[in-house]
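A, B and C are the chain letters, set down in written order, and residue numbers restart from 1 in every chain.
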Amino acid sequence: MKASIAQYYPGDSIVHRLDARAKFVAVATLAVALFVRDSFAGLAVFASAGVVAYGLSGVPVAWFWRAFRPLLWLIGLTFLTQLLFAPGEPFFSWWIFDFSWEGLQFAAFLSLRLLVLVLIGSVLTLTTAPLALTDGLAWLGRPLRRLRVPTDELALMVTIALRFIPTLLVELDQIMRAQRARGAEFGSGGPIRRAKALVPVLTPLFVLSFRRADELALAMEARCYQPGIVRTRLHPLRAGMPDAVLLAVTAAIVVAGLLV
Amino acid sequence: MSAASSDGRAVSSRSAPGIAAGMSVRCDGIGFSYAEAHTPIPALRSVTFELAAGRSLALLGPSGSGKSTLLQVIKGLDTPEAGTVALDGLRPDAPGYDAARREVGLVFQTPELQLFATSAREDVAFGPRRLGRPEEEVQAAVEEAMELVGLPPEVFGGRHPYALSGGEQRRLALAGVLAMRPRLLLLDEPFVSLDPATRRELVRILVRLRSGGVTLVLATHDVDLAWALCDDLLVLDGGRVVASGPWDAGEAGRALRAAGRLREPFLVELWRRLGRDAAAAPPRTAAEAAEALR
Amino acid sequence: MKPLHDSTTPPGTPDDEGATGPRTAGAASGAASSAGAAAPVIDVRGLRFRYPGAETDALGGLDLSVESAEFVAVVGANGSGKSTLARLLGGLETPAGAMRAVACGHDLLTDDGRMAARREVGVLFQNPENQLVAECVEDDVAFGLENLAWAPERMRARVDEMLARFGLTGLRDREPHLLSGGQKQRTALAGVLAVPRRVLVLDEPTAMLDPAGRGEVLEAVAALRRDGLAVVFVTQEMDEVVGADRVVALERGAVVYAGDVPGLFEDVGLVRRLGLGLPAAGELALELAALGRPLEPLPLTLDALVAALGASG
């Protein structure tokens, strides 16, 4: 079974080598700009930036497509709802739905905007190892420590969660198979019956996870982990000239996108 | 061939309580591959073998050789891309095949991970209830199965599965499958991560099932326990059959072992070292061996 | 290659300012005490432990002493207290009491002592899946060093050394769920030993592995032993005990045998009572003993069995 949710594509392109924090800031800035600007021209500027970044990343199209495909229906749904429910002078009516040029234009704009957002976001997740991304976010979240938000602990939790997702999926599959071997059926009957059918699957999975949490905590303590300690990292975050360039270029793109 | 009645309930006179008479199984050219995201890993390639009712088969081979997959295909949890699994002489398109498949029990690796009910009795009852058996029959099957694995229902029935020891949990999970009265029992690495005492107890239970007439398929890494329990041998490597047939210590057995690159069972080797192999077949268990050597 | 327990590098010395706190004192005293080579690395008298809510002691007054470079096997059935002992020695549980409980010069009866002991006594657990924290092999090996705030360059060197030592270099970027059981357990072992250790406690490290994985782990442990690391090996499998310098048998939280390995096998009744997993030769010898033909000492290999049968028959 496919047991990885991370879409990270290991590589050594210039985009890969950029610092996770710089990439995150760049993507966040572009995302905000994308939502502030509501013209096709602005969209075109941001889209070209996304395409160029993706091109530099060297990620194969097939890989990108695999990560992107599940989001396609979301974009499609956005298009449809906007098309059907946007106000405007109808040129065509059917049942309770009115189709208008304004609606079509609006729907196209919104779905394209979503498309560009996904593209730009994907460049970040495709070229940044989840661990580096988590570390980067923890670093960016440091000011929150003053508010007693335990950012480093949260980052470690996210890392551990990511590490165990594939394991959990395999275990889920095994338990479902085992219960099917004992005659259980999933996905048939009404919602209540379906929910009930999941008890023999979710109960063992929870128990397993609780036991795991216990054993994992012990193993972490055995390797000198304590909440609140200051840790170093094997792969420290390192920002350099290319990252400064990235931020400068991002600023230029934002200005261009907002002014065209 | 089989002593079971057509409705699948055991009627064999030689069966112990709760043990159903065995069913034959024949695999013909089974092919299967996991649908992995990038590289499909061929898990089974043209696997063919036959196991007569009431016999026991050792399924041996290195990790990743396809043993677990084969068991799941036989149980019908995975559909093979090629080939067929015939049960009780019935091909998959035959009427009654689905009923036969329900009489295949599969004990997963570390089956205690599937325990979920709030009492041992309820957990064991899950399977037979799902088969739609009448409640009194379910209760009888539960009692017999728990008795069979050495967890008397009057002592253990009301206990919470998670409050049992690891060894007791393993046996309870086995009871959960036995309560469905399987006529073909597939076991996936049943001895893994068991303490030695439970391992011995499990061997005793399997011996009892075997002499009760259930057909057994035992996927394991433990050549000595397999030798003690199994008549036939099937060795997989890279999803292919590299050896199959009756497992005896004679010429055929040696050829099988050479093909399967297996360590010989300890007792076979001992008998050869003692020069006794010419006179008599090597014993299957330490107890038999001790009896011969005393 | 640098020995794993190289005491020229004081264990767990933090390179960064932040991580020090009060525990630095403990680490420093550990380094100092290692100078006194004669002292045993583990010295425990009358160690008691009880789980919360339990009615009886999991350990009731246990004595154990381990010299540096010694390989001590601890055997016993389930519930005999051997895993509890492993956790206590690693400073991971708080003893209910003891006349003396010292690990690598650190007093296990105090909070600071246990924290310091965690840096010098490594513990490897049974379930390889539930010990790996990070998303890839090399990050997991680094986890302990990250917690001790080693500088990245020094950490890099140590991690590379450990990867090479345990044959994991080619797997460094592999995600844990794609590893075999043996590879997982070797990764966990490398992670435990990346932090320089003076004692390694193994709590049934092969119980959940297939024969191939078991072989991998036992081979790695044998190599550690050759390097002179003190090892406490908790197991139920007799063939893992055979090469030990000493064996300690536990029953219901108490030591029922402590001595050399052949001595344990002389007492066939005790071996049976402990419920240990015997190699096939030993199983057969026990059956023979029950039929009135005892072979002593208990043979554990085919060769020993053939020889014993020849001698007594």
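As a convention for this text, a contact is a pair of C-beta atoms (placed from the backbone, for glycine too) under 8 Å apart; a residue touches a chain by one contact, two chains touch by 3 or more.
No experiment lies behind these values; they were computed from the predicted model shown.
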Longest centre-to-centre distance from chain C, chain (CA-based): A
Pair of chains joined by more contacts [C-beta pairs], A-C or A-B: A-C
Distance from chain C to chain B - Cα centre to Cα centre, in angstrom: 35
Geometric centre distance via CA averages, chain B-chain A, whole Å: 44
Inter-centroid spacing, chain C versus chain A (mean Cα positions, whole Å): 42
Junction residues of chain A, two or more chains touched: 4
Residue ranges of chain B in contact with chain A within the complex: 34-37, 72, 75, 77, 102, 105-106, 108, 111, 113-117, 126-127, 129-131, 162, 176-177, 180
Chain B residues touching chain C - in the complex, by the definition given at the top: 62-63, 165-167, 189, 192-193, 195-197, 199, 221-222, 224, 266-267, 269-270, 273-274, 286-287, 289-291, 293-294
In the complex with chain C, residue positions of chain A that touch it: 3-4, 10, 129-131, 159-160, 162-163, 166-167, 170, 211-212, 215-216, 218-226, 229-236
Of chain C, residues touching chain B in the complex: 77-79, 126, 180-181, 207-208, 210-213, 236-237, 275-278, 280-281, 283-284, 286-288, 290-293, 302, 305-306, 309, 313
For the chain A and chain B complex, residues of the former touching the latter: 1-2, 4, 66, 171, 174-175, 177-185, 199-201, 203-204, 207-208
